[in-house]
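Below: the structure, in structure tokens.
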Amino acid sequence: MLDSSVITKLGVKTVARFYKKRTETLRKHPGEMVYIGNNLKNESKIDKITYTPEKMTGRIHSLVDETTNFPETEEISWINIEGVSDVKSMKILKNRFNLNSLIIADIMNTGTRPKYQSLENNLFFSLKMLRYDQEKERILSEQLSIIVFKNTLVTFQEVPGDVFDPIRENLMMKDSKIRSEKIGYLIHSILDCLVDNYISILQLLAERIEDMEELLLDHPDETVMEKLISSKKDLLYLVKSIRPAREAFKQLINEKPTEIRNYMHYFNDLFSNITHVYETVELYKELTTEQMNTYNSYMNNRLNDIMRFLTVFSVIFLPLTLVAGIYGTNFEFIPELHLRFGYLYFWIIMLTLAGLMIYIFKKKKWM
Amino acid sequence: MLDSSVITKLGVKTVARFYKKRTETLRKHPGEMVYIGNNLKNESKIDKITYTPEKMTGRIHSLVDETTNFPETEEISWINIEGVSDVKSMKILKNRFNLNSLIIADIMNTGTRPKYQSLENNLFFSLKMLRYDQEKERILSEQLSIIVFKNTLVTFQEVPGDVFDPIRENLMMKDSKIRSEKIGYLIHSILDCLVDNYISILQLLAERIEDMEELLLDHPDETVMEKLISSKKDLLYLVKSIRPAREAFKQLINEKPTEIRNYMHYFNDLFSNITHVYETVELYKELTTEQMNTYNSYMNNRLNDIMRFLTVFSVIFLPLTLVAGIYGTNFEFIPELHLRFGYLYFWIIMLTLAGLMIYIFKKKKWM
Amino acid sequence: MLDSSVITKLGVKTVARFYKKRTETLRKHPGEMVYIGNNLKNESKIDKITYTPEKMTGRIHSLVDETTNFPETEEISWINIEGVSDVKSMKILKNRFNLNSLIIADIMNTGTRPKYQSLENNLFFSLKMLRYDQEKERILSEQLSIIVFKNTLVTFQEVPGDVFDPIRENLMMKDSKIRSEKIGYLIHSILDCLVDNYISILQLLAERIEDMEELLLDHPDETVMEKLISSKKDLLYLVKSIRPAREAFKQLINEKPTEIRNYMHYFNDLFSNITHVYETVELYKELTTEQMNTYNSYMNNRLNDIMRFLTVFSVIFLPLTLVAGIYGTNFEFIPELHLRFGYLYFWIIMLTLAGLMIYIFKKKKWM
Amino acid sequence: MLDSSVITKLGVKTVARFYKKRTETLRKHPGEMVYIGNNLKNESKIDKITYTPEKMTGRIHSLVDETTNFPETEEISWINIEGVSDVKSMKILKNRFNLNSLIIADIMNTGTRPKYQSLENNLFFSLKMLRYDQEKERILSEQLSIIVFKNTLVTFQEVPGDVFDPIRENLMMKDSKIRSEKIGYLIHSILDCLVDNYISILQLLAERIEDMEELLLDHPDETVMEKLISSKKDLLYLVKSIRPAREAFKQLINEKPTEIRNYMHYFNDLFSNITHVYETVELYKELTTEQMNTYNSYMNNRLNDIMRFLTVFSVIFLPLTLVAGIYGTNFEFIPELHLRFGYLYFWIIMLTLAGLMIYIFKKKKWM
Amino acid sequence: MLDSSVITKLGVKTVARFYKKRTETLRKHPGEMVYIGNNLKNESKIDKITYTPEKMTGRIHSLVDETTNFPETEEISWINIEGVSDVKSMKILKNRFNLNSLIIADIMNTGTRPKYQSLENNLFFSLKMLRYDQEKERILSEQLSIIVFKNTLVTFQEVPGDVFDPIRENLMMKDSKIRSEKIGYLIHSILDCLVDNYISILQLLAERIEDMEELLLDHPDETVMEKLISSKKDLLYLVKSIRPAREAFKQLINEKPTEIRNYMHYFNDLFSNITHVYETVELYKELTTEQMNTYNSYMNNRLNDIMRFLTVFSVIFLPLTLVAGIYGTNFEFIPELHLRFGYLYFWIIMLTLAGLMIYIFKKKKWM
């Protein structure tokens, strides 16, 4: 999974979030090997885990080069590739695993829409792993491609780091269920970790949105709208990964390839989970809209209260100012001016007038 | 069903309402037994009702422990479990009822999406019981899982208290229909009680919304919007339980498992009822939106009326103040000041001007 | 159909319009006979029309009691029941017509969702008859349940009065088509009258909405918004009856029960009609929304015009007042005050200033 | 097609546009012959065109009366009826063409929803011809019913005038494709002319909407909103005719009746065209909404600019007026008043204050 | 593809963007050859590329005239026509390629809805090539029609210039995949270039929209709304080309014509790509709406802040002006005026009052 330092290197900040740039690299023929993503030119690294109920072997990280070769065995193997940008490495892997050129193009184009495809003798998944960058408060995504043929499962990631450590731990335990099951169970485990990953991202967003709730009832300020819109965009972004993934799982369940046929309960459960996530994201979208309405309503009310108060306040002074103005005129004969208690009467009139207006406005609940 | 005191203990207040937290408990392998919910560590309690047309036996509450065992009989049994958070108890139940590990995971994860699944030799339902907390004016939900195998139906609840007392009463009456029917009728009775539960929750919400109606026409204040938004959120929350439950019932009816085949009219009726509830919730959502529009329109009109009145009021004083100001100037020769009835004429002009403006503004309906 | 006096008796005013109350009567087992509606405890009344092409007999109103019994004949019978609230009467009818307990429950619950169900040997419809209460300007609804078995059609209404008089008139005419047709034609006639009933209700609403149109262009006031929202709610209420009825007709046409198989053209026409009604209601909903926008736009423009005018008016007086204020200062030496035509010049300046401002504001179209 | 003078006679102005009135004519039995529309009591007129590749005969207009009769021939005939309001004439036509009573009812009810129905031995279409009344800027619609049996096609129109002159011209040309084709081609020609009619109406609306675009960018005034809403309503009205017509064509293509089986490419093309029209109407609806937003945004900005300017203008005068007021007080000892250049200093202070405020407000971009 | 100079000639500016005008050319019979588009009367030009794995021949541009004829060969041919407005040229091509008259009509009507049709012995596509005119900031579209029969693929374009140069380059390379594949691969290559064309257009729009994002956070002005609305319209326009194209591809994949049966993976990939584009356009539409909301919210807040500040500012001067007015009155006996430090006290009162008000308003956060 992308960590913060890597992201800075990749210059994610300046890259359009919702669509991978490739203006300069419009491919000349379909299936051509062109990396589309954040221009990282690292060679690919590879590691491999092989297991039977009895034993489990892990070959550690090495660069992909001409010597990369794994003898085929009856055991279940999980080969993990990190880095899909280096054309040379990818060509070696293409030949090693005998990959269709369209598949390799989908792997190298990190903006591929999540999908599932069953080919002649293998299964292909293109999915997204997500990561919430606390600092920048945005969701980052890394493409995960999965290919299954016979007893071998290969995962392709963009950069090191993933969400599969629980699986690795289980694989190391001798009595774990995964060691005694077929490759379908490994497929399920990987997809299940991904969905758990979506759930944990959604929970982070959910907390942010529900914190906002309290803020809204308490003392909302101008920054709230910005945060609400940013949450909405994150939800839109989440949907962009989850909806096609859900479609892909649906298609997988309908096709029931032999690899997964003994694990249909697991995959149905998976589909139910991703549906739940998808529906909850949609619900949060509606909630965010409601929050925006609340905020707008609150801000309007607040402004209206202020403006109404101020206007009422102004209005009280207008008649008083007029009265003062009248007695400031220079007419030769203004009888009130010469009354003995004229100035006193003036003040009484002024205060009465003010009091009356305040009384009326208070009664009308305008103040 | 959750009662108020329990809720406080559970700390529901600080928990995200729309999604169960489980950041720390991302499960390591699918089907692992991890309780996801409000951290209650009580052991599970169990009770059992067995009946034939002739007799009915009820075994009272006891803790689930190693000795928990029920001989299988030809009679119909309804076993009810309260508490799904204690791993040890759940492991005993899992073995006793020979449950699939995915099923037990769904039972223990109280945030499972409502669903129906038919397994090799049993039926599984995950649904929600709802409860309206009058005090806090919010809907609370408790997960209800149902498993049916042969003549046994098992219900799993989170905490004591449920909506099934009418069924228990019927079971105690010797001549009741339920005593003479097969297990399909018991399944229907339980689902029917749940739907009645949704209807009664909806009625509470409906009354609150329709009370709002009168308030809106009468003397709405700032708190109305808050109440409207809170109603809308409750409706969204209701939909979250009802829509997938409706889908589950649809699937049940399409699959027609043998247990229910003789009771299709009952299940069709049930489906029609939950559809009605679902449509009515959607209708109330639309109504609430209309109410929000009404409220906004009312508040705008009210503010506009006030502001217009105040502005017109101000405008009337401006020319008068000017006139007073003019006769307050110190020009050496201002003929009007020295007229015999100058001050009188001044007042006549002032009042005429004021009267004229009031007349015009009244005629234009600005006042 | 409900007439106004009855409604008052029923206390419709205090009853939630969109959902029938039944908090206190959550039924204890499905199919229990509990009346849900406006608490009218009248015994049911019954009448019966029997006809062949040659003759037609009508048995007049009588109370439903133990003696209620009709010999089955080869002739077509239409039995009409008025009042479904009295449990004793309904029990008699249930036995007489051998009704399923779920059906009788649906008949007595006057909040049943419109539906069609084909049972072993009969057809069941639950529908709504509507009535527009001119005085209170709201739509009232009465539930109509229809059961067909062999040559007998039974209708259940809540209170006396319905929309079927044209059918009764046709039945009395010896040469009318209905007398020479089978029961399918009678079913069609009744459903057709109901759809005509929806059309006439929609026409009343349509006229109200289109009258509003003219009002909107002419001299809208504050009451318009209220009326618009009330129309919208009536349309929502209409949809609630029409949409499920349309679904029911669709299902009837797809199932093609033997009773109607010779009249498919009639039922297709019926479906086309109710679809037209449904689409027109949806269209009017959109129109009402447009009207709300028009109204808001109009009110805003009107207020804006007033406020702009008033503000411009104020602004004209401000510089004049300042000038007057300046010449009201008591500086020892203000040369202008001692000019021969000082006061005249002062007026010339004042009027020029005012004229200039009015000219500019008029040119800018601010006045 | 309706021409303007006729419309005035029909009193279209006072008739609800979206729903035909028939309060007084609720039909007593389905299929009864009652004219529903604008009460025109003209007798129907009839004309007939018969053609083979070799020759073409046209019988001119005559009233429909007892003598109306056409011998059936092997040639293709197109019979056109103008006027569907006269019950007597329609009865004659009903008998002559042996029409189902439901069909004749649909023909006479000019508010029938567009539809396609295949009957025992004929095809029936109910569609709308549209006409844009330039003067009143609204769309008028006339119902067109089409019946096809064997080699005869009958069209029923409300009033004289239609969009089929191009077909008549083609029929008169000896070598035209239509003369050498079967009746399916004639059906297609008529439907194709109707869709072209929709396209030309849409183009008129489209131009009006796109003219509005320029107006919006240029100098929008209060009438724009009215025009926008009127366009939106016309689009809603258009959809009301086009959407069900599209459904009807879809159904025709799915049923593939023998008459059209050799012309499927033509009918598929027709369906593609009407789909395009439908989608374009929907697009224009969205565009109109955007235009409304633009207009509202523009008007708001304009008003805001004015109000802000005026407020800033007022604010500048307030401190100046206060200063003048202060030196207008009558305190015994105000040293400034007796300074040698007191009045000059006063003016310097006033102008500095004004200049400063203008500078600040300009810098803040408030002016 | 249209270049800028051509567009000016075509007078694109005055043509409705969303619908091609054809008021004057309502076709007289379906399939008549009438050019509908921007009235360009150039003769059509033609060129042809023929290839086998071994050799590749390109015949250069020539006018379409009577001598236009290509012997049929076993090799794969790609014939490209530029210009579809000249009836004479099109008639020659119609005869040469034996085209259905409906197809030729669709080719010449440049407003045809994107579609796929399989005819007796050929495949037909009508699609759009897009081009973003940087200067006018709008999307321009050119119609591309494709016909495939046996080993020949014919493309029809409106004007010279297209997006297929990468294909031409590949065709010239001896070892390229395309040279060794069948015609299905050529079809795919052309459609793939079109989808890449959509992607690059979308990227331009995406960048414009995301640039707007920064502008919105920074210093939005009145032009932003205009730009947002213009982006929204471009997105609507894009959807108009992409959605039906996606439907066409779906239909192609479902029909699986023999020409493409060996390349299903390629066409599935193509469909996945266009689906991604379509979903991303929809996402950007939602984003643009969010941006509009942000902008409106920002502008409102900004105006509100200004107005509130100004109002508060005014309110501070009102009491001060009143006080000054009071001491400007001419009452005979006003004791304050004759106090020794009266004028000083006056200033103290004024400043205290002002300070107090500022303090209060600051504390209330109104300033």
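Chains: A, B, C, D and E, in written order; residue numbering restarts at 1 for each.
In this text, a contact is a pair of C-beta atoms (placed from the backbone, for glycine too) under 8 Å apart; a residue touches a chain by one contact, two chains touch by 3 or more.
Going by UniProt, the chains are A, B, C, D, E = Magnesium transport protein CorA.
Remember, predicted model here, so these are calculated numbers, not experimental data.
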Would you kindly state whether over half or under half of the residue numbers at the chain D/chain E interface are used by both copies, giving same or different?
different
Inter-chain centre distance, chain A versus chain B - centres from mean C-alpha coordinates, in Å:
27
Chain centre separation (chain C, chain E; CA means) in Å
43
By the touch definition above, chain D meets two or more other chains at residues 307, 311, 314, 321, 325, 328-330, 334
Chain contact topology (line, ring, star, complete or other)
ring
Beginning at chain B with chain C second, the chains that make up the ring follow as B, C, D, E, A
Would you tell me which residues of chain E are touching chain D in their complex?
16-19, 21-23, 26-31, 100, 102, 105-106, 111-113, 115, 117, 119, 222, 225-226, 229, 232-233, 236, 240, 244, 292, 296, 299, 303, 306-307, 310-311, 313-314, 317, 320-321, 324-325, 327-330, 334, 336-338, 340, 342-343, 346, 350
Chain A residues touching chain B in their complex are 166-167, 169-170, 176-178, 188-189, 192, 196, 199-200, 202-203, 206-207, 210, 217, 265-266, 268-270, 272-273, 275-276, 279-280, 283-284, 286-287, 290, 293-294, 297, 301, 304, 307-308, 311-312, 314-315, 318-319, 321-322, 325-326, 328-335, 366
